[in-house]
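Scroll down for the structure; my scribbles are underneath it.
Per-chain residue numbering starts at 1, and chain names A, B and C are given in the order in which the chains are listed.
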Amino acid sequence: MAKKEALLTGTHFMNGDIACAEGAIAAGCSFFAGYPITPATEIAEHLSERMPEIGRIYIQMEDEIASIAAVIGASYAGLKAMTATSGPGFSLMQENIGLAVMTETPCVIVDIMRGGPSTGQPTMPGQQDVMQARWGSHGDYEIIALAPSSVQEMFDLTVEAFNLAETYRVPTLLLADEIVAHMWEKVVIPSAEKIRIVNRKKPNVSPEKYMPFMPDYDLVPPMACFGEGYRFHATGLTHDEYGYPKTSSSEVQERLVKRLCDKIRRNTDKIIRVEEIMLDDADIVVIAYGIVARAALSAVKKAREKGIKAGLLRTITLWPFPQNQIAKIEEHAKKIIVPEMNCGQMVREVERAAKSTLVVFLSKLGEEPHTPMEIFEAIRRNC
Amino acid sequence: MVQEIMHPLSKYLREAMIPHIWCTGCGNGIILNCFVHAVDELEMDLDKLVVVSGIGCIGRSAGYTNADSFHTTHGRALAFATGVKLANPELNVVVISGDGDLFAIGGNHFIHAARRNMGIKVICANNFNYGMTGGQQGPTTPLEASTTTTPYGNIEHPFNLVHLAAASGATYVARWTTLHVRRLTQSIKRMLQKEGFCFIEVVSPCPEIFGRRNKMRTGLEMMDWFKRASVVENFSDPSKAEITPEKLVVGEFVNIEKVSYEKFLHEKISQINERKVGW
Amino acid sequence: MPERIRHAPLDMGKATFPKAKIQLIKDQCKGCGFCIRFCPQKVLEESQEINARGVHPPKIVDESKCLACGFCTAVCPDFAIFIIEKPSKEDVKNG
């Protein structure tokens, strides 16, 4: 039986949601569970058509809590799995994101950020979930979050999100804003051999010797899946290397939670991706992500035309936060400008990382992101 | 004599996790016993069995079963199990959880998994309260019962779980008590061999937490109630299957055939592809 | 025999009853008393012994009364009792 092509190699005109869906397919995502929510619905709609025709699973669950739970289940049954949502649904998912962290489940969660709090502005852009992405679930943990700035990046970073999730056994977030998700742009989907795909590490010991949460030197345990004969147990309770609950042991709690954090912290150099534009001699540096970074780029270019030594640091990885890159900027920069579509979220991280440089925050809420002119004016005022 | 005697069902249990945490007189051990007994009689392949549970006393049963098992967050066992079953339909996915987990916090997942006819087998231990947190009122607490949060008597009408399951579309619905060990084991066997969404409610004694506040201080007193009040009414109307001090209706209420979600889905997938070939 | 069956089966005289060996794993017992109360043949009773968990496990009063129904095995929440059915005389005869 001939199946339709999974990978649509070629040049396309797509919106960000569809590019994200195609990125998931390219990454080998075989399971999608979701619940309709503006502005992420197109991902589900597109996958409801695409997944069955290539023999993969799409299901619409009864809510976002169920969606993420099903995603974790599918991942434990051996499939690469994803869900997509927006602010309110992302809030509902938080408890089970913690479960995915605790049980070290590779999975991808797409959050198309709209204006909040609460139902807020469903069809308007926002960057208000940055801190929720990092701290939304209770307890201490580390998580990975990527912020695309273009439709092409919606494709590329979705693939990357799967690779990171599979490498580190951690839920990985794609934090896109509504504009990037609904914008139509050119997307180039490469051929299969040009797309790097990472699959989770499998155990190479017999089922009798397998300890499901015994890490390798990289702090990541190899992952057996249900039905492979390993007969293991996993729980959201604090557990030892066998996966058995150890709810009264401070030693096990310390060992487990520290490892869950350290497996990301020790690998930040491998995980973090930033784009550095005209930074080498910059006096004034704009740090931005998502759609705002595009306006910031125009502003920086305009400033250079006017003879202002401006530069742009685009944080593609939001979590773990690229603080070493900020330290590098501090060697020459006098001021840092952080434009964000919120009341100040990533700017707090920048302020924390910048020891001596003055940080100027540029807030904007509502329908439009910052215009290049607004950011340029801020650069001019501060140079 | 130091010779160790091995229970014939011990191979189905995780040695490192036994003894279990359940109190004296608790019925959860009986439910686990009947479940592994059914698995044994069916000679099921343990490598293809996945036991999923939520939070609560009975939620620990997933960890006690020597199969692939997952202890999810509170109420989400069915949603997790949905992902497992769809990802690998060859697996036998069993959810063992409590009344609070499945019908209060997880109620939405229950009715939708049943509506979709997802091929998941559910065993629900109904002990009329939240045992693990110390005996609070729950979705099955009988009217006027005393719990730690209904000190003046419960004024909420309880769910009739078998009626709810039948109305939501389950293909197999039964209720037994932990005294009906044979019929419960037979019922679990029947359920494990069926295709779609199946549900067994097991009325279970909770003497330490629920019983002692309601004039049944020991497991024996609660089991005596089951013995005195139980009436087997197979295939009777589940909406009339009451649980009162005088009458406890047990039996098989529904046993029908209906295409499961996962079978439907895979049929659809092959139809789509056949059509594409013709174009 | 359950009380509600008033008459013994007509072929009672010809019937042979299976026999069983009852195995207790005393230290696994939590002392709920289910096996004692619900044994149809009243084969067990509470002992005076105190086991590793500090409860009185059951003791066997008269194993010859056991008809190998296995109810105690099934109703034990702690996997602390089971029976091994002894081969009947016919089984032995037939090999």
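Going forward, a contact is a pair of C-beta atoms (placed from the backbone, for glycine too) under 8 Å apart; a residue touches a chain by one contact, two chains touch by 3 or more.
Quantities reported herein were computed from a predicted structural model and do not represent experimental measurements.
Trainee: Compared with chain C, which chain's mean CA position is the farthest off?
Mentor: Using the mean of the C-alpha atoms as each chain's centre, the farthest one from chain C is A.
Trainee: Using only alpha carbons, which chain's centroid is the nearest to the whole structure's centroid?
Mentor: Answer by centroid distance: B.
Trainee: Which pair wins on C-beta contacts, B-C or A-B?
Mentor: If we tally the C-beta pairs in contact for B-C and A-B, the bigger total goes to A-B.
Trainee: So the centre of each chain is just the mean of its C-alpha atoms; given that, what is the distance between chain A and chain C in Å?
Mentor: Roughly 61 Å separates the two chain centres.
Trainee: Between chain B and chain C, what distance separates the C-alpha centroids? Give it in angstrom.
Mentor: Taking the average C-alpha coordinate of chain B and of chain C, the gap between them is 28 Å.
Trainee: Please work out the Cα centroid separation of chain A and chain B, and write it as a whole number of Å.
Mentor: Centre-to-centre distance between chain A and chain B: 37 Å.
Trainee: Can you check the complex and tell me which residues of chain B touch chain A?
Mentor: 14, 16-17, 46-48, 50, 52, 60, 62-63, 66-73, 76, 79-88, 90-91, 108-109, 112, 265, 268-270, 272-274, 276-277
Trainee: Considering the complex alone, what residue numbers of chain C touch chain B?
Mentor: Touch residues, chain C against chain B: 23, 25, 28, 30-34, 37-38, 53, 55, 71, 73-80, 82.
Trainee: Flag every residue of chain B that touches chain C in the complex, lowest number first.
Mentor: Per the touch definition, chain B meets chain C at residues 5, 7-10, 13, 18-20, 22-30, 32-34, 37, 178-179, 181-182, 185, 218-220, 223-224, 227.
Trainee: In their complex, what parts of chain A are in touch with chain B?
Mentor: 1-4, 30-31, 33, 52-53, 55, 57, 59, 61-63, 65-67, 69-79, 81, 95-96, 98-99, 103, 226-237, 242, 244-245
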